[in-house]
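Next come two complexes, and both contain subunit A; in the first it sits with subunit B, in the second with subunit C.
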Partner chain A sequence: MIKIILKNLWRRPIRTGLTLVGLSLSAALMTCLLSFGQAYESAIRTDLDRMGMQMMLVPLGCPYDGAARALKGRTLDSSLPESALIIAQKDPAVSLAAPVYTAAIPRKGEKRTDMWVGLDDATIKMHSWWKFTPGSHGFDGPNSVILGSEAAATELRKPGDRLYSPETNRDFMVAGVLERSGTSDDSLFFIPLKTAQQMFGEPGRLTAISIRLKDPSPPEIAATAARLQKIPGAQVTTLTEMLGVFLNLIASAKTLVMAITVVALVVSLFSVFNTIMANVIERTRELAVMRAIGMSKLGLFNAMLMESVVVSVSGALCGILLAATGGGWMERAVHPYLPLAPSEGLQSVTLNAALSATTMIMLAGICAGLYPAWVASRLHPSAALRLDI
Partner chain B sequence: MQPSDQPVVQANKLVKSYPRGSEIVHAVVDIDVEIQQGEYVAIVGASGSGKTTLLQLLGGMDRPTSGTISIAGKEISKLSDRELTRLRREQLGFVFQHFGLLSTLTVAENVALPAILNHKPNHSRVDELLERTGIIHRRNHRPSELSGGEMQRVAIARALINEPKLLLADEPTGNLDSATSERILELIGELNKDGLTIVVVTHNEKLAQCAHRIIQLSDGRIVNTA
Partner chain C sequence: MIRSRTAVFIVLACVAIFAAIKIRNAPSSEPVLVGSANVNPTGPAMVPWREPAKDMARFFPNASEYKLETVVLSRFRPEILRRMEPSYHMDSTAVYSYLILKNGSPVGRVIPRRISGIHGAIEIVVALDNNLTVRKVAIQRSREPENITNWLFADNFLSHYAGKDYQSDFDLTRMLSTTDSDAIKTAKVLSLGVKSIVVELTVALKNIAHKQGRK
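== the complex of A and B ==
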């Protein structure tokens, strides 16, 4: 019977093919979206874990600012006094307190904004994923700069080159260039902390302090956060809060894409409905002959429903294949536009996502096939003798 | 097949009416028919005389408005749709004027279809019937690659696959030229000689003359039986 079903579907290859294309795109979108949700959370968690910190001290503001600062080097108008760093370093639970000073330099001529980040040795120690290109080394003086891979490419600089910042009228020596990491580090200019504070006229001020604890257990994190929260003008953002902020941010984007996917799915369903209904109308006499020669109503209903299922599942499988092969390309296309995109790849099709997409599309296909199958099963066998159909 | 006393089809006071707009059309009126096993019956009459409606009733494809009809000893008004479908599948064979072959299937697959529906696929019987109907050389061809006569032979082979008690044919030569009609006529005659009960609706005089009995219909009534 399955052979008959397949042959019937391929009787109109263009119509079936177009239905398959629509279903494949819906399935691919759905698979990507479902995989993306899981991968994004995992990648963000990995990025935050990789920093080896449990919390950040930031100027009073919303958790988003703290989170953004942690991963993207964003800046704020307000800043923290260096005394906050000293208090944090003296806390018995703190293993490492790494200060950061971040500032933006608008480059109106080039229509871009450069982000400059002041770091000290403790902060560099936290960037354990940094890999230098050959010839690079760490800061070797107050006027040395380490460039992210994209920043180096934009400025056409390599280790040992001079770099002049016209906006601040400062000359730097490129001490190192980082290999591409896929993180926001790629586009940043790293300079010694003191240099950054002087350059932007805020000596003794910090924009954030990353905190690593000796014991990263939840009770210890809570107790330390409560103590550090008392530092005037500062607020503590824990890793869990940051993760929550990122996931909330991405949730709205996911909702939008899900809405588009649902629309695509509904359109595909109408396409399946149309294909199967057209098959029923086109084959009225054949179906009536099948009823006349002994196919039951239920048998005919099942056969038509099976056509719908075969089309739907085939579309879903093609879509998963499309997501697996084209997902990477799609990720590269949308990655720059993602809020706080993590460095890890986001698009690896998970079994869960593939199974969920297939099940959803198959169920939808069954729904789309119900009415045409019912119409087919209602065909009277005597129609087989009519010549006008 | 040996003739038995029990008729294959027994119809009493058959009436079939259906609405057409505001009026009721009486397609078949007070028909009593009894067809014995091994008989070859031709139903003739002008267009609209009720031939096809009668064939539908005799073939269990439709139920009468009133009257009773027994097919292979079973009163069809007492059967559920599932039982009636099973009766058609197991006891009856159908040959249609338009052949009714599935265009996507090969000749062999078309012939095998009723056996598959009956959950008793039998490849050797398919070949045997194709041999008998002289179409074995076309076994793997599709209907679109066959002539009208060849298609009707395939339809006859398909009708015989489940070894029916009764073969019902609706204008089996209606779409064929005279030479091809002759060969189909011969084939039907041979099947009857082998003991198969046959009911044919036809306009073809030659086909009707081959029958043991001719039932002539007019306005839904039997006007002559010869």
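== the complex of A and C ==
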């Protein structure tokens, strides 16, 4: 049976090929989207867990924007008073309160921006993923700087070298260079908190405070957040809230793209329908002969339906192959635009996503093949043979 | 029937390939600048040429376009190292050079390179004539403080590199009228950077030309 089906499909290679291309693209898109969604959620959870904090104190404004910028090492338009840090540190539920001051120096001629991040020992403790290159160590004075791997490569610096900031007229000694982490840390210049505040003329001001709790249970997080929310000039964003916001953002985008995928799928369906229907019309005489020599209506119905299933499953398989080979490229293209992009690459094809896409496309193929199969099964041998096709 | 179908298929494939080539080679927003394939722009030794139009107008006023060429150095490493100072650390296996063209004919080359200054990276841009002598040197990026930039990055100091070839003495510290140790160190680094470009390119291109001549 399969041999006959394949032979029939091969009679019109261009038509079958174009149908397969359409189905493959839909399947690839669907597989990538489903895989990205699953991988993004799990990667972002891992990233946030690795930070070992449960909430952030950010200046008044949009709390999610503030927290996202602080997490990505970007600047904020407003800042927090340092008194917020003292209040947070005194809170009985807080195990660690880590202040951050971030400032940007745009280098227009180079089309890049130097991001300077001021941190103290508590903040460094929270960067558990930091790994120093040989010869590196932590801050050993107010004018020491720790460079992310990319920053060090761009400036050709190694521990013990000097680094000058022409815009602020400050000379630093490179205390350490971080190993590549795949996070935004790679391109940052880390300096002691006080130095950063002085350098940018904002003594006593902070961009954000990361909070680690002694007991990270949901009721404790809620109770602490309610207490810290009362700090003047500050607002609290819990990581659970942030995760929810990010996933909602992704979900909205995913819905939109899914709609496009569904449209692509419908177009492909019509293409399958067209292919099978054209096959039925072209082969009316042949099908009539098959009926005349004893093939049952159900047999003919099954044969045509199988043709549709074979086309759709082949399209789905090609699509998965396409997603597996081109998914990495797509992931690299999309990664910079994801809010709080996870540090690790997103797996381009998961088994779940591949199975879901194949099932959906196969079901769609069955739907598309029902009518042509029904038409084929209703052919009357004598009437069909009289037709001048 | 099958033949006609195959013919249609071949025609469609040709059209698709032709369209893909056309799209790939479509002129950019700066039509005078010709890019080149076969180069990995993310390679470690690749330094962006930040202001090609401006530099071209300064270095080669009549040039109309440029294209990127990669000169592989691996085979010539021993000779390059022999011609350089012992302190020279050759960390690249290729020179990414921009061949400057005037009406399709080469008039020279521009090579940007990142060197390690005292206070951060310094990006130099070296323009070479067709005979691989230095035409001009410019600084496209640095973090150096004024006590260095005032002395070293001024045209009257950089102009001393003009006319130098791979056999010349590149030490220009005697040209400096300052005793600032940082300025002297940076001048040495700068000279080493310019010399390395000239030597690497000269050794590689001369060997390649010699080999092609024998063929």
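The rule is simple: the second predicted complex is superposed on the first by the 372 of 389 C-alpha atoms of A that agree within 3 Å, B and C clash if a C-alpha of one lies under 4 Å from a C-alpha of the other, contacts with A are read in each partner's own complex, and residues count from 1 in each chain.
Heads up, the rule we're going with is that contacts are C-beta pairs under 8 Å (C-beta built on N, C-alpha and C of every residue); 3 or more make two chains touch, one makes a residue touch a chain.
It should be emphasised that the depicted structure is a prediction, and the values quoted were computed from it without experimental measurement.
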**Prompt:** After the subunit A overlay, clash or fit between subunit B and subunit C?
**Reply:** fit
**Prompt:** Which partner does A:Arg285 reach: the first (subunit B), the second (subunit C), both, or neither?
**Reply:** first
**Asked** When the two structures are overlaid on chain A, which partner does A:Pro142 contact: first (subunit B), second (subunit C), both, or neither?
**Response** neither
**Request:** Kindly classify A:His380 by the partners it touches after superposition: subunit B alone (first), subunit C alone (second), both, or neither?
**Result:** first
**Message:** Just to be sure I read the superposition right, which of the two partners does A:Ile14 touch: subunit B = first, subunit C = second, or both, or neither?
**Reply:** second
**Item:** subunit B versus subunit C as contact partner of A:Met1, first or second or both or neither
**Value:** first
**Request:** Scan A:Pro203 for contacts with subunit B and subunit C and give back first, second, both or neither.
**Result:** neither
**Which of subunit B and subunit C A:Lys297 touches, first, second, both or neither** = first
**Prompt:** After superposition on the shared chain, which partner residues are touched by A:Pro218: those of subunit B (first), subunit C (second), both, or neither?
**Reply:** neither
**Contact breadth on subunit A, by residue count: subunit C or subunit B** = B
**Message:** I want to verify one number: the closest Cα approach of subunit B to subunit C after the superposition, in Å.
**Reply:** 13
**Message:** Taking the touch rule as given, give the residues of subunit A at its contact with subunit B in the complex, in rising order.
**Reply:** 1, 3-4, 7-8, 10-11, 285-286, 289-299, 380-382, 384-385, 387
**subunit A residues within the subunit C interface of the complex** = 13-14, 107, 109-111, 153-157, 161-166, 169, 171
**Message:** With touch defined as at the start, can you tell me which subunit B residues reach subunit A in the complex?
**Reply:** 52, 55-56, 59, 61-62, 81-82, 85-86, 88-90, 94, 96-98, 100, 102-105, 109, 113-114, 116-118, 158-159, 162, 170
**Prompt:** Within the complex, which stretch of subunit C touches subunit A?
**Reply:** 5, 8-9, 12, 44, 50, 114-116, 118-121, 140-141, 143-145
